[in-house]
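Listed below are the structures to be examined.
In the two complexes below, chain A is the common chain; its partner is chain B in one and chain C in the other.
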Partner chain A sequence: GIPIRTNLDNSTTVQYAGLLHQLTMKARSTVRDIDPQNDLTFLRIRSKKHEIMVAPDKEYLLIVIQNPCE
Partner chain B sequence: HGNLRGGRWELVVPRPPLAAMFADGTAPGADVESVWRSARSARCEAKSCQTGKISTAETAVQSHTSRDASVQTDQSKAAVQDFQQEVQVDYTSLLSFLQRVEDAVIKELNRNWKSRAFDGFEVNWTDQNETVLCLHTLSYPEAQDQNLQVTGVSWNATGSVVACSYGRLDGGDWSTEKSYVCTWNLDRRGLNPERPDLVVDVPSSVMCLAFHPSQPSVIAGGLFSGELVVWDTSRTEDSVIWRTGMTDDTHTDPVYQVHWLPDAKHRNHFRLLSVSTDGKILVWREERDGRLVLAEGFAMVAQQVPRSMHLKKFACGEAAIGVTSLSFSHFDPRVFIVGVEGGYSLKCSTAAEMPALHWTGSSVPLRAPAELAFSPHSGLVYSVSCSPFHRNLFLTCGTDGQVHLHSMLQTQPLISLQLSKKYLFCVRWSPVRPLVFAAASGEGNCNKCFCLGDVHLFDFEKSSQKPALSIKQAAAERPVYCLEFNIKQTQLLAAGDAAGTVKVWQLSSDFTEQGPREMNHLEQLASETMD
Partner chain C sequence: MEIIYVYTRKRSEFGRPCSFSDRPAKVSVDIPPDPGMASGFVLRNPVDSSVQHTSDMSEHEVNTERVEVESRGVNHVEGGWPKDINPQEVEQTIRFRKKVEKDENYINTIAHLGALMEHCVKQNNAINVYEEYFGEEEVAEVEDEPPSAKTINVISKLTSFFDVLLPKRDPNVTKRTATHLSWHPNTCKKLAVAYSSLEFQQNMKEMSFDSYIWDLENPNKPELVLKPSSPLVSLEYNPKDSHVLVGGCYNGQMAPFPSQAYWDTRKGGLPVEMSTVEFSHRDPVYGAIWLQSKTGTECFSASTDGQVLWWDIRKLSEPTDTLVLDITRKGLLENALGAVTLEFEPTMPTKFMVGTEQGIVIACNRKAKTPSEKITSTYSGHHGPVCALARNPFYPKIFLTVGDWTARIWSEETKESSIMWTKYHLSYLTDGCWSTVRPAVFFTTRSDGTLDVWDFLFKQNDPSLSLKVCDEPLSSLRLQDNGCVVGCGSKLGTVTLLEISSGFCTLQRNEKNLVNAMFERETKREKILEARHREMRLKERARSEGQEMEVEEMPVESPHDVLERTRREFFEVIEAELQRRARAETQPLHGKLKDHAGEEAAAQGEETQLPKDREEEEEEKDAA
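The block that comes next holds the complex of A and B.
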């Protein structure tokens, strides 16, 4: 995916965009393989340091990275 | 003979006897000469043929110029274009997309703030290694026979080779002992811990060592005589590639620390920086004939040290301040911290402009870099280390057995830890865990305190009062002079001691895996102020 708007630095943005686009496509195909009537609406990845949220769409992808406060 | 009888010659032949009429005799055979050859040759003709003469010519070909060319991939510059100019965006559809997803995303964000679903939930991806074990005990018997001590250890850029320098730290003022620099490649099969892969003989005592940050075979060492030498271990004959020699610019005291400084202009090029107790911090440039030439330098003069109200003791007037250690900030390449003989640490900057007073006789003008002086230790500072995770934190340790955690923003230390009764020779932050550091101490048998070992690993997350782990390095209570974490293989820690051995320790996984909230804890520590 080509980044359009970001508030992080260039290299991190490009990295996130490329990797998460591929992962979103894979997640979407997984969901549709299990049930063809279903489709992916939202993707959340939780890691040790933060939580990454991806809202997918036909043309665009919104990626939000949050530091969950516990 | 003939009888002469009356004028007529008569041939007298002996008359054969009558029996001779039946004598043996051979009759010659009859010969018929063969005529086929001549008959044949009467019909044949002689002919001859020959290939025509082959024309040959002599020429010679030789390339008369040759050039050495080498190829190496350069570190790639970040080739990220400015994408915001190139993309044609249909802003209306972007807007409608954002409006569609906005609610869902905000709902999830809010949910996360309040969620307790993952409290205490941690996943083990790797096998947890519970114990600390000594992987290798490396030594060089010849150096040990001469009672040399390990003065410096360093890991190379790939993390597979450890080098140590032998010398004497208690040699006094005058030392003409030979010393050695030994390297071992730990990834080799057939590693013999008593036989280093490479031994370099050095005519003077080597006090400190540093591998080049990107070239895996280049080591720099600082000598007791004040010189600096750079070796290339990939060369078989003479490994010395640069040296400073004894000029007016070299240090007049032993060099206690060397450091490779990234060049501001060329990111891949590094220059050498040396620190010595004669008060000078010098940056060297490489010249073509293998010499290191002074590029810029700093001098610490007591008068120019900024004084704050808390400092009550400073050296008198024009005395030079002996610098024993140095550490550059990982966040701002111009800021560095030095530890001095007087026991305090100073924050300095390479961008300082003010010339150093009372310093002549150097080819390059020396500048005074000090900006801020921090609260002192009771003894001299042996080691400083800037945190790789926080821009303002650094540690200092000294002969009073204490480790101070300082923030660059204030003169008083944030935390003061009395780790041992003996000297602390080296302190280093862990490269992976923001809250962990290791300290190397002198003789470990202290009477009443809890620490028994020689290498102390401290974890602020577990306890801010006592070490998380104390490792006994040598059985004979010899002090540990230096230690280094391996940046590539983060579970390895090398420590060199006075008995001449380098031990490579493998740390347990709680020292190598970063916990989820360590950075927050570190930030919290950094923002505490002492009243």
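The block that comes next holds the complex of A and C.
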């Protein structure tokens, strides 16, 4: 997808956008496969270094990368 | 039986129409059942009849298509732009972005998503959802399983091996004792075993001199056969160069062997060099250990002729250094004690210890200036030869000696007696070693074929695990470096490998602290006892010297006063002792031991006063 607004550098943004878009599509299709009435509202990926949160919508996608407080 | 009904008609009446009429039934023949015929038949009971009621099944094969997985890299290029906008041009992209930002839908969506995201971010900030909640509890899993060990491999010399290769040999090959085991330093998959007959003047004509290197994966045929000129009594892998082994022979020579031959076993079977007979030991070499040196070629050996020789294996024509184990420190060979085991700790390169036939352990310092100073201290405590000597890998000041019927643990500081010892067993103890992973665990083997595993944090009077390995005496024991597998060699040459349960191989919680505390406590107790002994001895000496003087000193105090004083002191001491004992009983176990040690010393100190008081009383009575 195309990044509209970002505060990271361009290449990182493009990478995140592309990868997370695909992942979100996959997650959404998984959720709907299990229960067609269901839909994906939020996706959180927690890794060793930080947490990536994705809020999907019909047309747009909001991605936030946070350092969890530990 | 035929049923015949004759129907007659005149010829002239042929062809006339028949007229049928009903007639009631008439019995033509009645055949009653004849029971007499039943004897020709046999009643069948039960009658087997099969009935099946199952659902009908059909067979159907399914084969999923094989998924082919391929790794591919993805190159992220900006895509998804509408056709009219060139992603490389910054102006166009900026314009597009601005346009999108003005879109109402966009604004609504972002507001909505933003709110959602904010909620989650705040959640994250508030608590850490994925923290380790039960981290400590995982560690607290106690090993509930009972200690056990299972045999994983039994290696015995196959006599048929000899029949096949050397048919001229006597088929009953004399069984030889597996006297020494050494694990391969890195891989721990190979075991070198030295075989020899330790019986004095045994008939050695039919006995072969070979020693073997076994690969654990193939217990039937040794990987490598070592052929020295005289049977090997001890055998050790070089920890630096795992292809070289050094062996100490029955006739006193030393022989290094390369074992590098996976492809040509004959080349690796012969020793590289043998030490010359003139300069070697006169008796079997019972201990041979590699030294820690830069070249990795130095080793030293000890034997029952009372000498310890240092060698460099590149030049085995004469030893580089010698030491005579004479505890009178005169260096005389006649007084020397025969050495049975040798111990060397790589972290303390100048010190080493020797266990002797006479039951004395000698600690020596290699770098001493004069030969008389080389022997630093002696520890005597065994009634028979010290079969094994090992330092605790975690606490190098503590070492274990195994000899006669007991195993004893010593601290380097207390020279008079061992700090801990096992009870006297029914059979000789033949070998022992510490566990490499747990400081409180050690193993001993007995001459009735039992392997004992001792854990003195768990039980102090008995071994934690006692396994009967075989019927013949076990002669040697060696623990693999990972601490889980132990190999024991028996008198008839069978080497059994046992895997001990994981309770013995994993370090328990707090174990190091507890073991440390225990050792310190016992050392302290011994020191106090030593001090008391010394005091008593001094007093004995002083008393025997000053006995002439005492007769003159007596009339200073009137006898009656002295009696009063001593009686008072006596009762005071008794009361104090009773109070202390009562106090001690209410305290917990740990404290009790410490108190006991202090108590004992205090009580015994006072007790020594008591007999002295009484003696003084008696002497005064005699004088008065």
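Miscellaneous remarks
The rule we apply is simple: the second predicted complex is superposed on the first by the 70 of 70 C-alpha atoms of A that agree within 3 Å, B and C clash if a C-alpha of one lies under 4 Å from a C-alpha of the other, contacts with A are read in each partner's own complex, and residues count from 1 in each chain.
Keep in mind that, in the parts below, a contact is a pair of C-beta atoms (placed from the backbone, for glycine too) under 8 Å apart; a residue touches a chain by one contact, two chains touch by 3 or more.
These numbers were taken from a predicted model, which means no experiment stands behind them.
Look at A:I45: by the touch rule set out above, it reaches neither chain B nor chain C.
Shared-chain residue A:G18: touches chain C; no touch with chain B. In the superposition on chain A, contact of A:Y60 is made with both chain B and chain C. When the two complexes are superposed on chain A, the residues of chain A that touch both chain B and chain C are 2, 4-5, 11, 14, 41-42, 44, 46, 51, 53, 55, 57, 59-60, 62, 64, 66, 68-70. Within the complex formed with chain C, the chain A residues making contact are 1-2, 4-5, 11, 14-15, 18-19, 41-42, 44, 46, 51, 53, 55, 57-60, 62, 64, 66, 68-70.
On chain B, the positions that touch chain A within their shared complex are 78, 80, 82-84, 86-87, 89, 93-94, 97-98, 100-101, 104-105, 108-109, 112-113, 115-116, 118-119, 122, 514-517, 519.
Put simply, chain C touches chain A in their complex at residues 74, 76-81, 96-97, 100-101, 105-106, 109-110, 112-114, 116-117, 120-121, 124-125, 128, 130-131. Across the complex, chain A meets chain B through its residues 2-5, 10-11, 14, 41-42, 44, 46, 48-49, 51, 53, 55, 57, 59-60, 62, 64, 66, 68-70.
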